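Following are the structures in question.
In what comes next, chain A is part of two complexes: it sits with chain B in the first one and with chain C in the second one.
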Partner chain A sequence: MKKKVLIVDDEEDILTSVAMLINNMGYEAKTANNGKKALEMLKKQKFDLVLLDILMPGISGREVLENIREYPKLKNQKAAFLTVVKLSEYGRDIMKKKLKPVDYFQKPINVSDFRRRIKKILG
Partner chain B sequence: MAEESIIVGKLCNNQNILLVSSSKDHNQVLIDLHKAVSNKFKGILAILTHKSAATLASEFKKNNIDYSNYFFIDFVEEDNKPKRCFTISSLFALTELALKIEKIKKMYKTDLIILDNILSMLIYNNDVTVLRFLHDMMVKVRKKGGKAIYSILKEGNEKLIADISLFADEIVEI
Partner chain C sequence: MRKAISKQSKNTVLLEKEKLDILQESKKQIKDIVQTIREPLMVLDPQLRITFANQSFYKVFKVNKKETIGKKIYNLGNKQWNISGLKGLLGKILPANKFFNNYEVKHKFPAIGEKIMLLNARRLDGVQMILLAIEDITARKKTEEALRISNEYNKSVIETIREPFLVVLDKEYKVVFANKAFYRIFKTNPKDTENHLIYDLGNKQWDIPKLHELFEKILTKGLVFKDFMIEHSFPKLGHKIMLMSARKIKEYPDMPNKILLSISDVTEINLAKRRLAKAYQDLMSLDNLKSQFLIMTSHELKTPITPIMIQAQMLLEGSIGKLTSEQKKSAEIILRNMTRLNELIEDIFDISKIQSNQLKLDGEREDIDRCISEAVESMKPAASKKNIRFNIKMPNLPKLMFDKNRISQVLTNLIGNAIKFTPKNRNVTIETLKQKNDILIKIKDEGVGIEQKYIKKLFEPFFQIQPSYAMKEEGTGLGLSISKGIIERHGGKIWAESKKGKGSTFFFTLPLKRSRGK
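The block that comes next holds the complex of A and B.
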């Protein structure tokens, strides 16, 4: 069975292009254009990885991951950030301690680096 | 005043500081901050989103703060503006604000920006727009050198503070 990746971003272009990349790698991509929808999907089905944008209207990517960590069934969910935000050291520290993302991808994506790191996460 | 000295100390090692204070203490915290930094920087750019530069200048006079090295950006059209004051058409106009900051930084030697405060920006813009603006500003400060302090009221802004924490260098809560 194909491993499933949920991509969460408010920009449709990003959702489409990242989903295409993920599908081309042999995984199954699903998309959500806001944090609320993402949380609903995560509670209904199992995903091997969630790729989260940070700055989104409504529930931000940080809040989505906070919710994931607080929800018993999802607390071990693998999640990574996919964002234009350049985290400060302070921010990286908070992330590491509280939210525990498995990786952090900077937009715009370097495709070959993205593929290599996604493969490493999903095996 | 001791708390404001902490901020000055934090500015040695950090470029972008988020200053969180309660609404009750906010005005005094900012005055004390200006007192603590006014003679420590070559040029200070004060961005005022909730009061005019004239009001701040009169507060400076009342508190014996030398503001000869200050530049101001405000959003209020009035006659008695202090010297070196630039007015932006509206708090909606964040691009205009970003360009004006760039221009002032290019033309004059400003090595500290104090933005007071983030909350007023949220009256005219949604939170993602404000977060993107602050993120871009922090990236520019980091890239081009200098320091910046961004003030925000504590009450009711926990979500926004947590989001800004991801890209600010330090959070100081007073």
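The block that comes next holds the complex of A and C.
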């Protein structure tokens, strides 16, 4: 069984490109172009990892992760951010507390570095 | 009868004699009194002949007794005393009145020059004498005249001064005098001003509470006030900002105090200052807006760059399909230029953050040696292209608090520059030094060096010694100013030293203890 990754981003081309990368690595990529849709999908099916953009219209990536952590079934859902915002700008506290993301990717990504870290997360 | 008559006449004679004696005695007494008086004084008989004059008279008018006694006053000193004013007084006023007081007579005596005299006379009918006192007020008059001229002089000085506007007030705050500038600026005239209470001027336009306060201050406490700013909206003149100074003055020693009020109209200059301050604020907020705009824009620009770079990298890897060498070259060009574009955006983002004082640091206690080693490692490919060797001297350093990504960025920038300016087959030296309060990091190249006049400008945004050079190589000319921003945000310093032909050394420090919140 292929491991499944949900990619959440409001930019279609980013969704497509990251999905290509994930699929190319031998995983199964699914996409959601907003936070609301992502939450619905996460509640319906199991994902091994969710990649969240932060700045999105409607529900932000951070809010999606907050929702995930409040939902008992998804308490241990692996999640990582994939955003243009520098971690130092956003504040390191997003990596701590209850949110517990497993990684923080900054756009634009270096493909080989991205692959290495994704593999580390998914095993 | 005869006897009786004779007796009576004898009595009368006796009486007459007694009377005469008394008269003589009185005259003598008068003469004695006259003699002791310090002012020139003379005694005339009814025919205006001088019967007596005191010492002071002889002294002041430089005449002697012989030339004087028995002479008619007008004939004195070769008719020098033939003064028309005196004739009028003695010939008309005195016969009609018992006395005259303080008549001023000015006369030029051939021998003693011009004299101003104050004449006082008494007709003493009992002793048939006229007392004439001649006070020489020439000197006093001269002093008064000098004072008047000096006063006039002061007034004309005040008058001609364009600014400040001067107003002299009496102790009741009534205007004694104001200069032309005052009348011009406040659109008024002497008639409507002089003798008017200052508060009442221009239909009480000047009834300024603060002015009351100031006057009360100086008058009650005897203080001087200087450059006191009063802002007042005059119904007719409009809004004025004035600098007022006041002090008590005296025109003559025994005169009551007056107040000299000086008013400078600083309306224009103050409005200009305010406009300047406003413009500065606007500029600052505009600058901030510009920074915000650039920060936002750089976020926005990175969004389209992200999929382009993913696609180019995947193409190059061959994970989408095997590429011909031409296709590979094409993908390489796309990727290389997108990488460069991304770096430019990063730089603009960073400088905007620095300039708007929004640069955030993400600090942890880190190993600076390792950070340097990693930076050197990452720069090795660039160095080896020019066969440049790294010469590294690092003692064991304590861990410090710093933002590893940001300091790596500074190191990469400085080492990158060092490689860029060092000729082939030479060295780039990196040294660290633990100092009392900080760690000093030196990066030395063996390049051509930098002229002294450029040394300080190096850290200004967009500064390039050779602008065209930057176009060929990568870089925005922002690297050093970003580095400066990062180091200063850490509480450190950054500078360069160079001698032309002997290479340059860039230094920066990182404090051993970084204050919190930075």
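In this section, the second predicted complex is superposed on the first by the 120 of 123 C-alpha atoms of A that agree within 3 Å, B and C clash if a C-alpha of one lies under 4 Å from a C-alpha of the other, contacts with A are read in each partner's own complex, and residues count from 1 in each chain.
Definition applied: a contact is a pair of C-beta atoms (placed from the backbone, for glycine too) under 8 Å apart; a residue touches a chain by one contact, two chains touch by 3 or more.
What you are looking at is a predicted structure, and each value in this text was computed from that prediction instead of being measured.
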Contact-wise, after the overlay, does A:M56 reach chain B, chain C, both or neither (first, second, both, neither)? first
After superposition on the shared chain, which partner residues are touched by A:S88: those of chain B (first), chain C (second), both, or neither? both
Once chain A of both complexes is superposed, is A:M20 in touch with chain B (first), chain C (second), both, or neither? second
Which one hits more chain A residues, chain B or chain C? C
Give me the intersection of chain A's contacts with chain B and its contacts with chain C, in residue numbers. 55, 84-85, 87-89, 91
Which part of chain B faces chain A closely enough to touch in the complex? 16, 126-128, 131-132, 135, 138-139, 142, 159, 162-163, 165-171
Applying the document's contact rule, which stretches of chain A touch chain B when the two form their complex? 10, 54-57, 60, 62-63, 84-91, 94-95
In the complex of these two chains, what residues of chain C are touching chain A? 299, 302-311, 313-314, 317, 319-320, 338, 342, 353, 360-362, 403, 405-406
Which stretch or stretches of chain A touch chain C in the complex? 11, 13-14, 16-18, 20-21, 24, 55, 84-85, 87-89, 91-92, 107-112
